[in-house]
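What follows is a group of structures, each given as structure tokens.
Look at the two complexes coming up: subunit A is in both, with subunit B in one and subunit C in the other.
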Partner chain A sequence: MSFDDAYEALTDHADDSRWAYGTGFADPLAGVDTAVPDGADRAELAAYCLMLGDDALIMSHRLQQWVTRLPELEDELAIANIALDLLGQARLLFARAAEVEGAGRDEDAYAFLRAEGEFRNVRLTERADADFAHLVARLLAFATWRLALLDRLTASADPVLAAVAAKGVKEVTYHRDYAAQWVVRLGDGTGLSHERMQAATDAVTPLLAELFVPHETELRLVRAGVAVDPAATREEFDDVWARVLAAATLRPFPPAASAGEAPAEAGPEAGPAGGLEAGADGGLDGGLGAGPARGLDGGLGAGPAGGLGAGLGAGLGAGLGAGADAGAGGRHGVHTAAMAEILAELQGVARSVPGGVW
Partner chain B sequence: MNDEQTFADTIAKDQRVEPRDWMPEAYRRTMIRQVAQHAHSEIIGMQPEGEWITRAPSLRRKAILLAKVQDEAGHGLYLYSAAETLGADRGDLTRRLIEGRQKYSSIFNYPTLSFADVGVIGWLVDGAAICNQVPLCRSSYGPYGRAMIRICKEESFHQRQGYELLMTMMGGTPAQREMVQDAVDRWWWPSLMMFGPPDDQSPNSAQSMAWKIKRHSNDELRQRFVDMSVPQAEALGVTLPDPELSWNAERGHYDFGTPDWDELKRVISGDGPCNAQRIAHRRKADEDGAWVREAAAAHAARKAGTRS
Partner chain C sequence: MTDEIRHEWPLYEVFVRAKRGLNHVHVGSLRAADHEMALHHARDLYTRRNEGVSIWVVRSDDVAASSPGDKEAFFAPSGDKMYRHPTYYAIPDSVPHI
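Take a look at the complex of A and B:
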């Protein structure tokens, strides 16, 4: 049979590239205009690529740790797929950083040879997941935020970032949909799953504030038309988060955060019945999958959910404001204790073989 | 023609038996066992290599390995589906696996000690799997044969990736070359054992050959694997750990030493280096996921209720 030939072809080295995933090219940015846009500082553009690349790399690492441990085979395929997408995004962003930086570093130098303080990922990506509910809560938060970022980044003055974002939007739309479907299933599943899903979204909430605090580099690149101000993604994030959690019959943020704020209390009473029915029933099935932001508008119930989302968004904002400590987050190289464990695992083999080629 | 004659006729004409066709109960049981054990092997086989995804020393190798382990999950899914066409249930088969009532390929009970093992598993273990599986593309049971066609294509891709990793490492530092040789030394004999016991000690073979769910004998396939692997080892620059290995011009094949069949028996009967670890890992994933599956079922039932 023809497969025997494939076996025998092993010692034929004519064309290695077609055999190894993701290796059929020498230059990953081939075909894309690679000029640095006017008004953008090269070092800052490189730093920005590393921020977005590190988010993807570290989130992917946490997802990789779930492989062989998931509840169903379908989830093994999905989580591996999402981890691969994010790894691919990291590699493209590192390639851009390397090119703009021009210091002879490559993707592996960024991944394996930097110290913890040089990583610029947000701390949400570092967190270890206590259970599957924590995984999907964190993935929902990450994908919702990243989709809002990438959607806006498709208009970047940097042609490479715009191209990477355009590819990423398609991928992360699926990631968000996958996570949202699970948050709804678990929130609206059994008593136990509801409890665990609620604990998981509560646990993720304190990590959200950091996502919307811009680094000074980002702000300067925003002015050059290159970067997206993460603060601008807040409204979309709050809206999606509130809608998904409402469809999942979950409180959108922990009780403590609502202490002083009226909207928090008003939210669940204002329109859960209408909002939840519409959401749980028709909404998420067709809605989240369709595309960023637009899909949600069409998908999740119109009137009640919209009102609910706005109300909860305001409450969420108030709750988050208290916990935000701008200037001391992952974008500045300040990480949680989990980051050291991640880097030990990520970098250990690469560092143990000096001069190794892989 | 009665059912039995139709079945015999289908086999004789090398046609496929399909899920709705009549088949002898023993054929059905044998097929379920064969397909389930293959599915279990794919799923357990995710573990030894999966351990290296987070530690892969380059991003390119990380992507390749992650994609490979994902393929294995996909193969498992196909194969459990093929078993379900015979009336089996995926959840039940998983329980049989974690309770030790069904086997999986004994090769996965050996540990992966360095990143070179990822390459050697691709080259030798996937290579042996291909030798075993290519003939199964012609299995008399239709859904299994068709699943095997796609699986074999992906396996040969994995094998090539493994070999390419080893080639790259052999061009690296002396420490890397040592890693490769060490991994070859550890995996060569277990790979030969993947073809099963010698023909004169293989109890189920005769019936399986008659039903055309097995096409070549264990020893034939093993010889074929050795003949293919020797020139590849030479091209790679590694030695195979068998002093008896030599070309026999008269036979037109390589002569080789006898695998340690007692070791194979020990590993199959549960006493290999990693048997307990592999099953414990699979059992924990299954148990940890139970509340998630229950929640999904409860949610689906509630939605179905609302809609009706």
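Take a look at the complex of A and C:
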């Protein structure tokens, strides 16, 4: 095999690994300083890690539920990959929370042994998708928001969060790209696909306002240079969301989602914006814009505590359905009715076989 | 469902260049609606275990392939021509760097 030698001049690697698939894996946290940064409260840093981790865990679970139900084999893999990426992010964040908290809990304890009210994920992540269009609309919203968040988090004073964010940015960039491609493909597709994609993005918009409302823990950690203020991601989110929807020939940014900032304008805007579609659509927008969004402002102004409990969460979920964005949100542990169903499945084995190992 | 949508996406062939490999290698095929989607799908199907740094996709019906029936005429004639390999020749000691 002496003629193989000619290739050696072209590579600086003497080993065989250049021919091997699946080599060269790297640990994203290798060499990262794990000290808690000055000015950050340990309990609050742990809580913040759980917020970002819970978003990833619950979104991942919802995506996993799609596997074997997707329209094409190739998309099964795509969604499974995205779900696994998010699960990986959740694990790293839970591990950081455990390390910072120092109370002997591990990743599994956070995922499987917490009650609904202790989860801090935003409610966008727990919504069930009615169809594939709803899935990609929700994924686009989630990935766009999370990418804006993680991108800023790479500058965090906590070196572990910064490293987790740097790894996540590459992953979520692809998630956003995947979702955006489908939203454009379906929105700018046939009459039927356009109609269903529009219904899907409309259904997601009432869940968006919550993404940009900072929790008091987040605000305190922002001051310590550790966390990202979710309100700061709003501009980037609106810009990306509007551009993808425009490319998809979908109705521009529906007024319901921006009503949190200017509720008085939500009603009048709904008419013209929805003018391309039948009257029923415009009416729906007007309703969403005027109702829950105003409720959100009022609710936040009153400063509801996390202690409002699961009763309120269940009530909100059942009463508002898709538009559950009134009052305290997932960051306070207040979830929609869907959350109980998710946890029953997610924690099912851990509950029936406590401490089981195999 | 009176207006049932029927479709069959076209087939694409996928070529992946391994991390430190020299050339793109055919790794399989997939179905996609267009090139853009084919690249996404190829990334999701064929590089999920850290296999690649570059992907090519090409529509299978754009690939012109030799026919099995041409095997004799195409390939058999090179079977006895050892002198086409550089190793066939003895290299004089006076020629360096080979």
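Going forward, the second predicted complex is superposed on the first by the 251 of 358 C-alpha atoms of A that agree within 3 Å, B and C clash if a C-alpha of one lies under 4 Å from a C-alpha of the other, contacts with A are read in each partner's own complex, and residues count from 1 in each chain.
One rule holds in what follows: contacts are C-beta pairs under 8 Å (C-beta built on N, C-alpha and C of every residue); 3 or more make two chains touch, one makes a residue touch a chain.
Source: prediction; values computed, not measured.
K.L.:
Between subunit B and subunit C, whom does A:192 touch in the aligned arrangement: first, second, both, or neither?
P.N.:
both
K.L.:
With the two complexes superposed on chain A, say which partner A:357 touches: subunit B (first), subunit C (second), both, or neither.
P.N.:
In the superposition, A:357 touches subunit B alone.
K.L.:
Who contacts more of subunit A, subunit B or subunit C?
P.N.:
Answer, by number of touched residues of subunit A: B.
K.L.:
Can A:83 be said to touch subunit B (first), subunit C (second), both, or neither?
P.N.:
A:83 sits against subunit B, while subunit C stays out of touch.
K.L.:
Touching A:74 in the superposition: subunit B (first), subunit C (second), both, neither?
P.N.:
both
K.L.:
According to the stated criteria, A:336 is in contact with first (subunit B), second (subunit C), both, or neither; which is it?
P.N.:
neither
K.L.:
On the A-aligned overlay, A:348 touches which partner chain: subunit B = first, subunit C = second, or both, or neither?
P.N.:
Only subunit B; A:348 stays clear of subunit C.
K.L.:
Applying the touch criterion given at the start, work out whether A:178 contacts subunit B, subunit C, both or neither, answering first, second, both or neither.
P.N.:
Second partner only, subunit C.
K.L.:
List the residues of subunit A that touch subunit B in one complex and subunit C in the other.
P.N.:
On subunit A, the residues that contact subunit B in one structure and subunit C in the other are 3, 7, 10-11, 13, 19-23, 72-74, 77, 81, 185, 190, 192.
K.L.:
Report the residues of subunit B in contact with subunit A in the complex, numbered from low to high.
P.N.:
For this pair, the touching residues of subunit B are 43, 46-47, 50, 53-64, 66-70, 73-74, 76-77, 80, 115, 123, 127, 130-131, 134, 137, 152-153, 156-157, 159-161, 163-165, 167-169, 171-173, 175-176, 228, 231-232, 235, 281, 284-285, 288-296, 298-300, 302-303, 306-307.
K.L.:
Note which residues of subunit C are touching subunit A in the complex, please.
P.N.:
Answer in residue numbers: 3, 5, 9, 18-22, 30-33, 36-37, 40-41, 43-45, 48-51, 85-87.
K.L.:
Which residues, counting only subunit A, touch subunit C once they are in their complex?
P.N.:
Residues 2-3, 7, 10-11, 13, 17-25, 72-75, 77-78, 81, 174, 177-178, 181, 185, 190, 192 of subunit A touch subunit C in their complex.
K.L.:
So in the complex, which bits of subunit A are touching subunit B?
P.N.:
1, 3-4, 6-11, 13, 16, 19-23, 61, 64-65, 67-74, 76-77, 80-81, 83-84, 87-88, 90-91, 94, 107-108, 111-112, 131-132, 184-186, 188-190, 192-193, 196, 280-281, 345-346, 348-350, 353-358
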